[in-house]
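In the two assemblies presented below, chain A is common to both, partnered first by chain B and then by chain C.
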Partner chain A sequence: MKKRIIVACGGAVATSTVAANKIVELCKKEGIDVEIVQCRVSEISANLQNVSLIVTTARVSKDYGIPLENGMAFVSGIGMEAASQRILAHLR
Partner chain B sequence: MEFINYILALGPSVMLPLVIFIFAIVLGQKPGRAFRSGVMIGIGFIGIGLVIGLMLNNLGPAAKLMAERFGVQLTVVDVGWPGSSPMTWASQVGGLSIPIAIAVNIVMLALGLTKVVNVDIWNIWHMAFTGALLHIATGSLTIGLVGVAIHAAIVFKLGDWFAPVIEKYFDLKGIAIPHGSSAYCGPIAVPIEWLLARIPGVRDISFTSETIEEKFGVIGEPMIIGLILGAVIGALAGYEAKLVLQLGMQMGAVMVLMPKVVKCIMEGLLPVADSARVLLEKKFAGKKFYVGLDPALLLGDTQVVAISLLFVPLTLIIAAIVPGNKVLPFGDLATIGFFVAMAVGIHHGNLFRTLVSGCVIMAGTLWISTQTIGFHTILAQQAGTKLAEGVTQVASLDQGGSPITYIMLQLFHMDNLIGLLVIGGIYLISIIATIQYSRGESKVDEKEKIVAQ
Partner chain C sequence: MLEQVQPEYKIDETLVKVKLQARNWEDVLKKMGTILLEQGYVRDTYIKGLIDREKEFPTGIATHNMGVAIPHTEASHVIKTTVAVAVLEKSVSFSLMGSDEGSVDVDIVFMLAVNNPDKHLLFLQKLMGILQKEEVLLGIKNAAYPKAIAEILDKEF
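Showing the complex of A and B:
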């Protein structure tokens, strides 16, 4: 079954695009079927239906009741491997 | 030369795919991915052209009618950063600004002038905007490119100065935000913090909010902000009910569609951004440096979210009050948080103080963006933005309202000495205060370290 992942940043243009691309590549390599919902942080609450994971490049303190991971590692390149493993652990 | 002119005449949606394709091949990408990146960026430009057209051609005439009926001057629509950044990338300065900003960064790092390793390639457009406007104002591409370099150097220093705020308030270690709008608005908040902390009575006022977001509910969502704003302006313009509803829906659509098309441009830039990051990391990795990242990081903070929502209506009110302002805020409203995020950190999350400094920041931004309307409109026309009859001008808060852009424009092409002296004076004081503040913060750090040892 396709897993839906929200990838959000401030304006849904720059950092979330970088992170979303990396996540798609990663999941393709691991054979996990994913669908990305890219949006602004202020739009996360409106997109929560059937979502398995939220990845944000912002530091979000709010609890949405769905696992949330920080995706800044995909933008900075620092700790990318660890972040990939954490995200995969949620999807498997 | 004829060949170059031919390429330029193709327009950004054809020229930039070619440029990006060649760029990506040079940077060692596979032809397939390079081609896809190029096509994607072209799609981004065609998409943003459509969305900006939808916005300007419908909101523009309504704003004009509203202005005539109520005697306000808000006739020029703010296209926001999703509108102004593609125009900037499409300019001659646009593509050249990426290697220039990276070179300035490397030189400053090598000379020990900054600790910021900027991997945030997208936001180089802020520096390029200053360069593109200088190019238009002076007619000299060289001055434009010098402008990019100067703006880049200032932004990297801002990254250094505010690194303590990022570490202490936002709890992000080893990170700086050398950003075109969040960082340049920061210095304004520093003297205001100093002042407010010294006025008896006022200094004790403090509030924070965990609940504003919940209270606003769906109203805080960009599409609803667009819907309401479109409908209200339509009503104030004296439109009949049918047109009011249509304008509301159109502006809701703009808010949702804008990032969807602008992100295509970012996708096209990905190979360039990837290569630049790898290059910088190889040379400057390690603990002594800050990684320079996008202020998206700050926009999830609860207090930033709260203040961003408050500043949607506040910015509109300020726009109506600021003397001489002609800009109707719209495109930047969905991400107004970029302007005040750093201030939240400087005020330690105190929303009262952020309200004060945010009002000053937005008033200044609106006034400056009114001054840059002329050059901004030329930039838009050069990028091929089609304006309907009666809609003759565009503006943006981010980056058209930037004091750095304005001061540089005045320095190289003066047309308003008083404007230069006032804005330049205020900004210089703010920068000096920021340097002092940054020194104070680092001293505290050293003391804490000694105590800890």
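Showing the complex of A and C:
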């Protein structure tokens, strides 16, 4: 069953593009079927149907009732392994 | 294996500055944004877009060995995809991306102008990859002149 993940960033869709790509690769390696919804943080509420996880590279103050992980590690390269494990744990 | 550097990704030396003087992050964005505007890469709404975005969603990143910033804004403000690079004469504080508080003293600023994130995924990935390479960042920081930085970056692309 496909897992739907939102990957969001502050606005220009630049960092979420990079994070989304890394997440797709990560899930492929683990054999997890994912569908990525890439959007701005301001658009998260509009895209919540069937979403298992939200990954964001920008700060988010709202609680959407769905697990949320910080994706900055995929951009800065620091803590990528830990972030990858946390994200996979939500999807398995 | 000989890899062709895509002409559109070749670093434009006129967009690279060393010893850039700036009072604060807003000054950095204005100075670098003006260069992009003058060289025809962005529209006149770009600088305001940068500043508005930086206020709400800051772009400071603390890498392993130094502070960098990757200011950018909506694709609609961009005419042609490129990156402007500046090594700051004196560190300037930027707020941290993705966190509620905290800031970082930034030495290198990579100002992105991307008019189509999906089409330029490889470009973005290579750029983000650079943030994870300590020696590359150090080389950029210690470069004596823009050409040296352009050469370092061209190798990465």
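One rule holds for everything that comes next: the second predicted complex is superposed on the first by the 91 of 92 C-alpha atoms of A that agree within 3 Å, B and C clash if a C-alpha of one lies under 4 Å from a C-alpha of the other, contacts with A are read in each partner's own complex, and residues count from 1 in each chain.
Note that in this section a contact is a pair of C-beta atoms (placed from the backbone, for glycine too) under 8 Å apart; a residue touches a chain by one contact, two chains touch by 3 or more.
Not measured: the values here are computed from a predicted model.
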Going by the contact rule set out at the top, does A:Glu43 touch chain B (first), chain C (second), both, or neither? first
Chain touching more of chain A, residue-wise (chain B, chain C): B
Contact-wise, after the overlay, does A:Gly77 reach chain B, chain C, both or neither (first, second, both, neither)? both
For A:Met1, using the defined touch cut-off, is the partner it touches chain B, chain C, both, or neither? Pick first, second, both or neither. neither
First, second, both or neither for A:Gly10, with chain B first and chain C second: both
Going through chain A, the residues touched by chain B and also by chain C turn out to be 9-15, 17-18, 21, 41, 56-59, 61, 72, 75-78
What does chain C use to touch chain A in their complex? 53, 56-57, 59, 61-64, 70, 72-75, 97-100, 112, 114, 117-118, 121, 124-125, 128-129, 131-132
Residues of chain A that touch chain C when the two form their complex: 9-15, 17-18, 21, 41, 56-59, 61, 70-72, 75-78
Chain A - residues contacting chain B, complex: 9-18, 21, 38, 40-43, 46, 56-62, 72, 75-78
Can you tell me which positions in chain B touch chain A when the two form their complex? 81-82, 119-120, 122-123, 170-172, 175, 213, 218, 220-222, 259-260, 262-263, 266-267, 270, 273, 277-278, 281, 291, 293-302, 305, 308, 334-335, 337-338
